[in-house]
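Quick one: structure below, then a few questions.
Chain nomenclature is as follows: A, B, C and D, assigned in order of appearance, with residue numbering initiated at 1 for each chain independently.
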Amino acid sequence: MIETIATAESNRELAPGYRMLTINLIEDVRVNPGQFAMLKPRGSLEPLLRRALAIYRVEGPQRLSFLYQVLGRGTTALAQLREKDEVEALLPLGNSWSIETSGGGGAIVVAGGIGSASLLMLCEELKRLRVDTKLLFGAATERAAAGCGLEDFRALDLPSIVTTDDGSLGDKELVTAPLERELREHGHKGSTIYACGPWPMMRRVAEIAAQFKTRCLVSLEAPMGCGFGVCVGCVVAVNTGGPLDYGSYKRVCTDGSIFPSEAIRWEVNAMTH
Amino acid sequence: MIETIATAESNRELAPGYRMLTINLIEDVRVNPGQFAMLKPRGSLEPLLRRALAIYRVEGPQRLSFLYQVLGRGTTALAQLREKDEVEALLPLGNSWSIETSGGGGAIVVAGGIGSASLLMLCEELKRLRVDTKLLFGAATERAAAGCGLEDFRALDLPSIVTTDDGSLGDKELVTAPLERELREHGHKGSTIYACGPWPMMRRVAEIAAQFKTRCLVSLEAPMGCGFGVCVGCVVAVNTGGPLDYGSYKRVCTDGSIFPSEAIRWEVNAMTH
Amino acid sequence: MSKVSNHDPRLAVEIAGIHFNNPVLGASGTFGYGLEFADLIDLNRLGGFATKGLSAKPLAGNAPPRIVETHGGMLNAIGLQNIGARAFIEEKLPRLRGYDTRIIANVFGYSDEDYIEALTILNDGEGIAAYELNISCPNVKEGGIVIGNSPDAAARLTEKAKRASSRPLIVKLSPNVTDITKVARAIVGAGADCLSLINTIVGMSVDVNTRRPRLSYGTGGLSGPAIRPIAVRMVYEVARTVDVPLIGIGGIASTSDALEFIIAGATAIQIGTANYYDPTITMKVIDGLSEYCENQSLENINSLIGSIKAE
Amino acid sequence: MSKVSNHDPRLAVEIAGIHFNNPVLGASGTFGYGLEFADLIDLNRLGGFATKGLSAKPLAGNAPPRIVETHGGMLNAIGLQNIGARAFIEEKLPRLRGYDTRIIANVFGYSDEDYIEALTILNDGEGIAAYELNISCPNVKEGGIVIGNSPDAAARLTEKAKRASSRPLIVKLSPNVTDITKVARAIVGAGADCLSLINTIVGMSVDVNTRRPRLSYGTGGLSGPAIRPIAVRMVYEVARTVDVPLIGIGGIASTSDALEFIIAGATAIQIGTANYYDPTITMKVIDGLSEYCENQSLENINSLIGSIKAE
């Protein structure tokens, strides 16, 4: 974990409302798939708090990129960044996707919307390890899919299914629909589901995983105060005595952001949206 | 007075810490010398309040420029503006320099530091009206003088004296020194002094004007909440029953910013610095 | 000055029998005498506004500096400079009557008698819809205690004021108290028709170079977005305590801010500090409320008031 | 973990016999158990810090969402999730003792007995410099009233705590009161060695789409730069009222902010929320204070304490 002032190299719009920020660091970092950073434009005072963004891609030992959707105050501030602007950054943070290769089972990667940002490096790693991988990629629209990095995922050439809410690309259904079909029709014995997306999607993924008794990891979101474990503001409710013997609440930033899906008490919503 | 969203055309550094902002409006405005605008970058939330800047120059019916020194939060925010960025603007505001030509007396213009920003259009007007004008231009250093628009004043080709605090340009003295010499040595009967600069300078100018019984107008600064007369936050203490029959406090934004110097109770400081 | 203006009927609200075309009002001390905004917004579209605090006699106010900007807000110690109740009636009201907007006279005094005197003068003024009693201004030295911080003193003044006034009485609450519901209950018990809240919160800022307070008065009242969460909480608490309508105030700078107060229990809202840095903010919020009604298929904004879902 | 660090001797301050290398401390609840910062800053350079509020038994805290950002600040309703006093002694203290920084154990309970129990456990802990009694946390439902809002309840608890504790006792004041000097006087009268102020201010934020509070708990505590002017004012008021040293807290995010509190009367300061968005802020402020001493030719920062020029 380093606290540093990085420099924006580029910050381009991939699709309306979706951007890719590339920053340069002054020291080397080692990043594992699924880790994130806390970022904000240097000196900006509104909003005060940094925002968590998954590290989308390691472009070099001192160069990282982030994929983000411009939603509210924090991401709007990030969207203003131009070349050479400075960025306050704390990174890399959180645990990472643990890839289970021993069982011989494959991987099903479920990306919902901008949740994709946490999954590209995972897919790269799965490919590198030659894990039999299926990508399920869901977005609101064709444009949103482009904004969520679909081209980068396609470049990996993994078997994949794309869904959109409005049918503008791929099948018109929720991304959880092909997940259920996959498990029902193809079994995927010994496989692991890796999912990142909106809470309702992940909740449904967790249900499906439980139904088909499939190992499932989810990367969660929560409003974050600090990103490094001191504010205890980012917690999710977990099953006591469940996997890893969790207590009542765990911090998404340091105990996660990746959790086994059955650890989470999905009925206690960590986010209001 | 119009409330509008203007567009930054340029915002260049004239000297370290001094900038010139040019904006384009979507409607015509008529500006009198000495008027000001309340400005801030569109949507910026820190600081909240707009800042008052004198209208430095009318570049066209829909195009104005401002000269400013980057001091604190508001001017730092303005300094971030780049071409095509939007600017929230209320303008033109305040009264204006009233040029007295009937007495046949000349004009002595005293510019202290960035106070010059309020005086360029006055000098242009004095020249147009063929008023016998002497410019006294004081700044901290040669660089500051450049930042305060010295070249633009020089282009008007008025008789002038330049002073700097460190002697890097012109005489090493306060700008009030040549003012006193002028009045003592040349009389300037029937003349008017027009002054804008820091409070201590203007206080001294007012003293000198009183001593030599010379008409004197000053453009004042005060921390401004609104700029259009509703917050009553920008007041200066004035002599009751004095010129124009003032009450105890007058608003710099709407009763000024230009006042006859003898109206002001100089011992009550409107600004802490 | 034409009174023809299209009002969205979904936004109309009523307080103590007064009809407001919409719940968006200018807050006292930030809206001058209303006329200052005539060139900036269509006053006929405005729900109403509260005048700068009026006293029986004109007041000169405090020495400068009177305002200082803080993070997300500002401190002020204006000291209630105003032209006096009589001048308001004579110089401002005649022109204000030309507009289709509700005029609330905000009233201030150093003693109960001062308040009654100001009210008595204002009773003569034609076109005033209601009075708003400022019992909570922290920026005046005389008087010692702040009436609004004491349930007893506040109730006593409210009772007298209610008797003296020929119009509905709004009392404006001070946030500088341990339990705002206690003061609210006392004031409503004493006959107030409506409560408005909050006034500014006492604060201070120090110039670390001169080691002096940045305001000549020393302390000042904090306003602006910084205080909004405190104001929303207080409106929520008071709404669950008393039965009179509430006017929510404190840091409102957007439609969504206004909605927070309405959902928490306010029938109308006042916008203060935001008028300074965005003089057309009231119009934007009115438009925004119409849009919200549209998007949420609300027939009437009244159904939103106090609709918060919380135990 | 080396203890060798160059301290600027001009910055040393003393509170209740405890020597602090400098007046810059981390605030409770924003500094974890200190160790979370070991990789981010040089803990040996830090004046000290207050631990997350410790209770006799571990607490799970409130359901999420627990935090929401507001303008210039944030609301939190953590609900005092903590590992408990015993685990702190066993798991954290041994590692913390390796650092040259003052450890203040922040203590919390739902009843007087809870506090005494926690203090009794902590008395066994080696390396704790002082206790800070959190009598003002607004985010816990049990207990009914907030002890810190009542001079009597606060004095009663202070007295008991003083008797139970083997170390200097700091009591942390609630800002949610009409007159903070009354509570301060009562607490000092009951034996507190030092007061720290302010804790968070109760606030609320509403999601206008769901019409629910944004925090699961409903209300939360407001912190951050938004509240600074209120905190500075309260430190100023209390400094003129009591004779014990004060620790100033509330929205400090820069050297100049820290200086405002010191000039207003604080012997030391705590930085809270700013640690979240600028984890090295404590180091920056320490450096900034040295620079200020240099520029102002101050031999000792103690001469600044309470040096405000105000009538």
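The criterion applied here is as follows: a contact is a pair of C-beta atoms (placed from the backbone, for glycine too) under 8 Å apart; a residue touches a chain by one contact, two chains touch by 3 or more.
Keep in mind it's a predicted model, so treat the numbers as computed, not measured.
Listed by label, the chains that touch subunit B and also subunit D are A, C.
Ranking every chain by how far its Cα centroid lies from the centroid of subunit C, the top place goes to A.
The distance from the centre of subunit C to the centre of subunit D, each centre being the mean of the chain's C-alpha atoms, comes to 35 Å. Between subunit A and subunit C, the centres computed from C-alpha atoms are 46 Å apart. Inter-chain centre distance (subunit A to subunit B, centres taken as mean C-alpha positions): 54 Å.
In subunit A, the residues that reach two or more other chains under the touch definition are 45-46. Across the assembly, subunit D contributes residues 71-73, 210, 212, 224-225 that each touch 2 or more other chains.
Taken together, the touching pairs link the chains into one ring where each has two partners. Shown are all chain pairs that touch, namely A-B, A-D, B-C, C-D. The part of subunit D that touches subunit C in the complex is made up of residues 70-73, 75, 149, 176-179, 201-206, 208, 210-213, 218-220, 222, 224-230, 232-233, 236, 251, 256, 259-260, 263-264, 292, 307-311. The residues of subunit D lying in touch with subunit A in their complex are 29-32, 36-37, 39-40, 52, 60-61, 63-69, 71-74, 76, 78, 81, 207, 210, 212, 214, 224-225, 273, 275-280. Put simply, subunit B touches subunit C in their complex at residues 1, 3, 40, 45-50, 73, 88, 90, 222-223, 225-226, 228-237, 247-249, 268-272. Per the touch definition, subunit B reaches subunit A in the complex via residues 44-46, 82.
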